[in-house]
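If you scroll down you'll find the structure; I have some questions about it.
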Amino acid sequence: MRFARIWFLAAVLALSVPPARAETALLNVSYDPTREFYKEFNTAFAAHWKRAGGDAVRVTMSHGGSGRQSRAVIDGLEADVVTLALGYDIDAIADIRKSLPADWQTRQPNASAPYTSTIVFLVRKGNPKGIRDWGDLAKPGIGVITPNPKTSGGARWNFLAAWAWAEDSFARDDAKVRDYMAALFRNVPVLDTGARGATTTFVRRGLGDVLLSWENEAYLAQQELGRDQFEIVVPSMSILAQPPVALIDANADKHGTRKVAEAYLDYLYAPEGQRLAAKHFYRPIHPEFADPADARRFPKLKLVTLQERFGDWRATQARFFTDGAIFDQIFAKR
Amino acid sequence: MFARAASPRVIPGFGPTLGFTLAYLSLVVLLPLAMIPLKALGLSGAEVLAIVTDARTLHAIGLSFGAALAAAAVNAVLGTLLAWVLVRYDFPARRLVDALIDLPFALPTAVAGISLAALYAPNGWIGERLAPLGLKVAYTPLGIVVALIFVGLPFVVRTVEPVLEALDAEVEEAAATLGASWFAGFRRVVLPLIGPAVLTGFAMALARGIGEYGSVIFIAGNLPMVSEIAPLLIAIRLEEYNDAAAAMIALLMLAAAFALLLTINLLQAWARRRIGG
Amino acid sequence: MRIDIVNAVKTFKGSERPAINGIDMTVGDGELVALLGPSGSGKTTLLRAIAGLETLEAGEIRFDGVNVAGRDTRDRNVGFVFQHYALFRTMTVLDNVGFGLSVRPRASRPSKAEIRARARELIRLVQLEGYEERFPAQLSGGQRQRVALARALAIDPAVLLLDEPFGALDAKVRKDLRRWLRELHDRTGHTTLFVTHDQEEALELADRVAVINAGRLEQIAPPAELYARPATPFVCEFLGSVNRLATPAGAVYVRAHEIELVPPGTPEARAAIVVAVRAAGPRVHVELELAEGGRVEAELLAEDFAATGFTAGSAVGAAIRRTHAF
Amino acid sequence: MTLLAPRRSPLVGESATTRRVLLALALAAIGLFLLLPLATVFAEALSKGWGAYFEGLADPDARAAIRLTLLVAAISVAVNFAFGIAAAWAVTKFDFPGKSLLVTFIDLPFSVSPVIAGLIYVLLFGAHGLIGPWLIAHGVEVIFAVPGIVLATVFVTLPFVARELIPTMEMLGRGDEEVARTLGASGWQIFFRVTLPNVKWAALYGVLLCNARAMGEFGAVSVVSGHLRGQTDTMPLHIEILYNEYNFVAAFAVASLLALMALFTLALKSALEAVTENPGR
């Protein structure tokens, strides 16, 4: 089998070429709607790091549904930092992979969320169905587009925002809240696996009357896909979505990148990081660093936080989103 | 040289080729696939029962099978028609059409899914023509069938073509001399001869359809209990860090796929014996 | 080269009856021997066993006294011509014929030019000059047959084995090739074994004929002896058209042309009635109903039959010149 | 009826109308299920003109994806070609018990869901997998790196060459190899001089299909890739990324490139068939 052996050798040779790692390489594993923001932020950080006397730094990005990304890090994707949609996905990395401490969220200011966002409605131009608030979403004949809370971080924020509004509106009557949620999900014709997929379905495929979306995603969609075709509707209340960031200690130490990775995360809180976040429609935690024109774009609305309403992510996940929990119950009742 | 005397091997290379085949197959296919039952073994009997009787799981598996079955059935008819036309008739661009048949093998499934969704969505080129008829394709189970028809189309065509090509014209002529009409000649003489090939293609399209993921998720709608396919459910279970449940569903699908393929191979062996393929 | 086959036995997997069941025979150096038998009698299996394409479960095959059991087909130096020729369809006639030389180990491989020259020589021998660059698909059956033979001869085999060499050819080509093969054999002197189910072919072509039935050797003898003195009822019945007569002493066999038609009442002749007369070219077959019971067929020249003046319905005497009893 | 002449003696009693109806149906099906999706890809890719189209292809990440795809396809084709030859030789030239089972195992990757194909490699090589921890401890990256992508692609495309060769070699029988043996040829000589020339078109067809599928595989590769831009993104994954960045023109431009490669492959295959149909090749 001389021939086969040659092929085999060739395959081994080809396989053993290590993936190119530049002098200083950082891997940031993130979720879907942060693509544009981190593209610009990485360039800014590289310049900053160089000015500060560091090596040339190249940040590689990996984007995908927040849950899938978390899973990949657990399975061995060697992220130096993760910037995901919700705390639970980083909790899972800490719990299962144990590659960062369980109290990771206390290591950075504002529960490790350098920017926040919220959930708003994107409707078609002129808002033909007259959708103003969460209550309208459960009305018959309204098509609601949201991704699947099982696979999308944004969709979980959508769900919790609707739930919080319903609790307030129905005086915390659990049965009524559930009825409302069931009615809302009856209006959902498609459950995309990620926020981007849902946006595409709504915008490109013309499906549904309203898209439940990250605020930043709604602005971006409007900007990228047609300001004259879509309008943003701000509901009476929503949830403060806090997409957290964290250093994956085990990987950073293995790569010897802890210093630069920590600087990377710190830079998110720095004036330049905050300015870029605002530019990309994320609400900066230090609005004073944002371009005033950017800051003015964020409407004021009543925002509840996860902590005050639902507790931490581990509890919230168990209550609502694990197999057989409230989301599954509501969907079964649909 | 006992082994040699027991089974004469005139042509050399039995040991090396079979050895390489088995080693390669074990390393690339069997060992990795063994992870599925291995992982599913971690479940207790009650957990297994809970998974395999869960309404949503059953619906997803049922949908994957049902849609694949429907698509394979359509492909059996469509594929036979295409094979017939390609083998029997000469028309402009015949070669081009013949080459196009393999496109679904080659086009990335995700691209196919996006294109099909774009075409069949309510505002798509085909979708907007079907909408007035009250027919919704994209984001319904029907959309899944359409995607699976695309994915499985080559199988029946490619299994039936060579059989039709090799078909003895005298057999058809004999039928005609016995007074058979065109349709009777096709149904009574041609169809039984190409039957095993059609069935093989059907089963292959079915086996492929059950597991298809990339092209389906873009057009399916993915609603649990409505348009959620089994592979998507596996992906969801994985993101819930529930590997054992994912492996259990995968095991059910693997078993089904293996049973189907074994049936195909036995069917082919049987057909060879019966009509000397 | 001499070939000894000693008590050869071979049973195929899944079959209860041995395909060859204890065959003993010898093929002398330079001899041309036919293996004759009905289909399924085991003759092809025996031929393949000699080539090493099948392995015996018992018994030995010896080339010049040496047991070749462990010897690979490749090293037996046999020229094998398959029933359907098995020409390499992707090679020209020249490449087909030269193949055996071109795959020799480098040390003993002739140069390219020598191989081509030798192949051309053989192509001339089988009278196919001008066809060197043709592909097998472009040849007639008889031409393919000759290419297969040339290809087998190219390796200068110690023994030539031919499996139904004329089986797939029409009657005219068969006859021509048969004569040509005999001449070729006389010229080259290869020890040759060929398989056939055609008795005429075997009797006309071979030095000796081995009759095989149900995996056993019935008889091996020169054609004339085989015909004159068949050793078993099977051999007798297989060669020519034969009548079986029941006598008090047991069955006897009478060849059709050994029955003479004489006027009724002739002594030593049996009384009979002509039932039917069938003309077959220069000969006629006359079907007789014997007075003692039973039917026999006589065969004689058409002109001889005309001279007797008998027709269907005539009462005649059937004089039996010779019987074979076992 | 030159337009619709039967290629071979038509089924007796088949009228020209029947032929026309059947052909129309067939072409309609081709148009609806094959041509339209293909046309959509090109229409989207060129919706902003040629400039935008080539801009989409010139992006460094797109080029990295193209390079990676070509590398992965080349390795997959090479190893699966070797495997296909060995498997077809073993299966068609010899009889042994369990052959049907072996052929079924060879077919298995056809019908294993891509999600499962990815999953098994995660379960095997992942940080919590069977041998993943050992590999990671020894600094070997398999999953979320090029080797993982290659493995998943090799798995998915494993049957193609074998699947083409087995029926062809089955049909050709063992006669040619036996003759070659009596003429003194060695195993390699038989393979290269006799068998390979007999099955070269089938082998090439298998290689082409294997290659096309290797370049287009999405589901399985998606699971094991890690989606590192410019590092572990193959063309199909890059298409998804571009699509998710609302960069539809670039997404479909890359997709059209894959479609073009596929079409080129298929045209090549078709040309090969034209060659093989000629007598006396």
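By letter and in written order, the chains are A, B, C and D; residue numbering begins at 1 in each of them.
By definition in this document, a residue touches a chain if its C-beta (ideal position, glycine included) is under 8 Å from a C-beta of that chain, and two chains touch if they have at least 3 such contacts.
Computed from a predicted model, the values in this text were never measured in an experiment.
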Highest-count interface - the chain pair sharing the most C-beta contacts: B-D
Most widely separated chain from subunit D, with each centre as the mean of CA atoms: C
Chain centre separation (subunit B, subunit C; CA means) in Å: 53
Averaged-CA centre spacing for the pair subunit D and subunit B, given as whole angstrom: 15
Approximate Å spacing (C-alpha centroids) for the pair subunit A, subunit C: 86
Contacts with 2+ other chains: residues of subunit A: 1, 4, 74, 96, 197, 204
For subunit D, residues that touch 2 or more chains besides their own: 79, 82, 86, 122, 129, 178, 181, 186, 243
Multi-chain contact residues (two or more partners), subunit B: 10, 16, 20, 118, 232, 235, 238
Pairwise chain contacts under the document criterion: A-B, A-D, B-C, B-D, C-D
List of subunit A residues in touch with subunit B within their complex: 1, 4, 65, 67-68, 70-71, 74, 92, 96, 148, 150-151, 188-193, 197, 201, 204-207, 322-323, 328, 331-332, 334
Subunit C-touching residues of subunit B, taken from the complex the two chains share: 1, 4-5, 8, 10
Touching residues on subunit C, where the partner in the complex is subunit D: 51, 53, 72-80, 82, 84, 86, 88-91, 99-100, 102-104, 135, 137-138, 151-152, 154-155
Subunit D partner contacts - residues on subunit A that touch it in the complex: 1, 3-4, 7-8, 10-11, 14-15, 17-20, 27, 32, 35-36, 60-64, 72, 74-78, 96-97, 194, 196-197, 200, 204, 220-221, 224-225
Contact footprint of subunit D on subunit B as seen in their complex: 7, 9-14, 16-18, 20-22, 24-25, 28-33, 35-36, 38-39, 78, 81-82, 84-92, 95-112, 114-116, 118-119, 125-126, 146, 149-150, 153, 169, 172-173, 175-176, 180-182, 185-186, 190, 204, 207-208, 210-214, 230-232, 234-235, 238, 243, 246-247, 250, 253-254, 257-258, 260-262, 264-266, 269
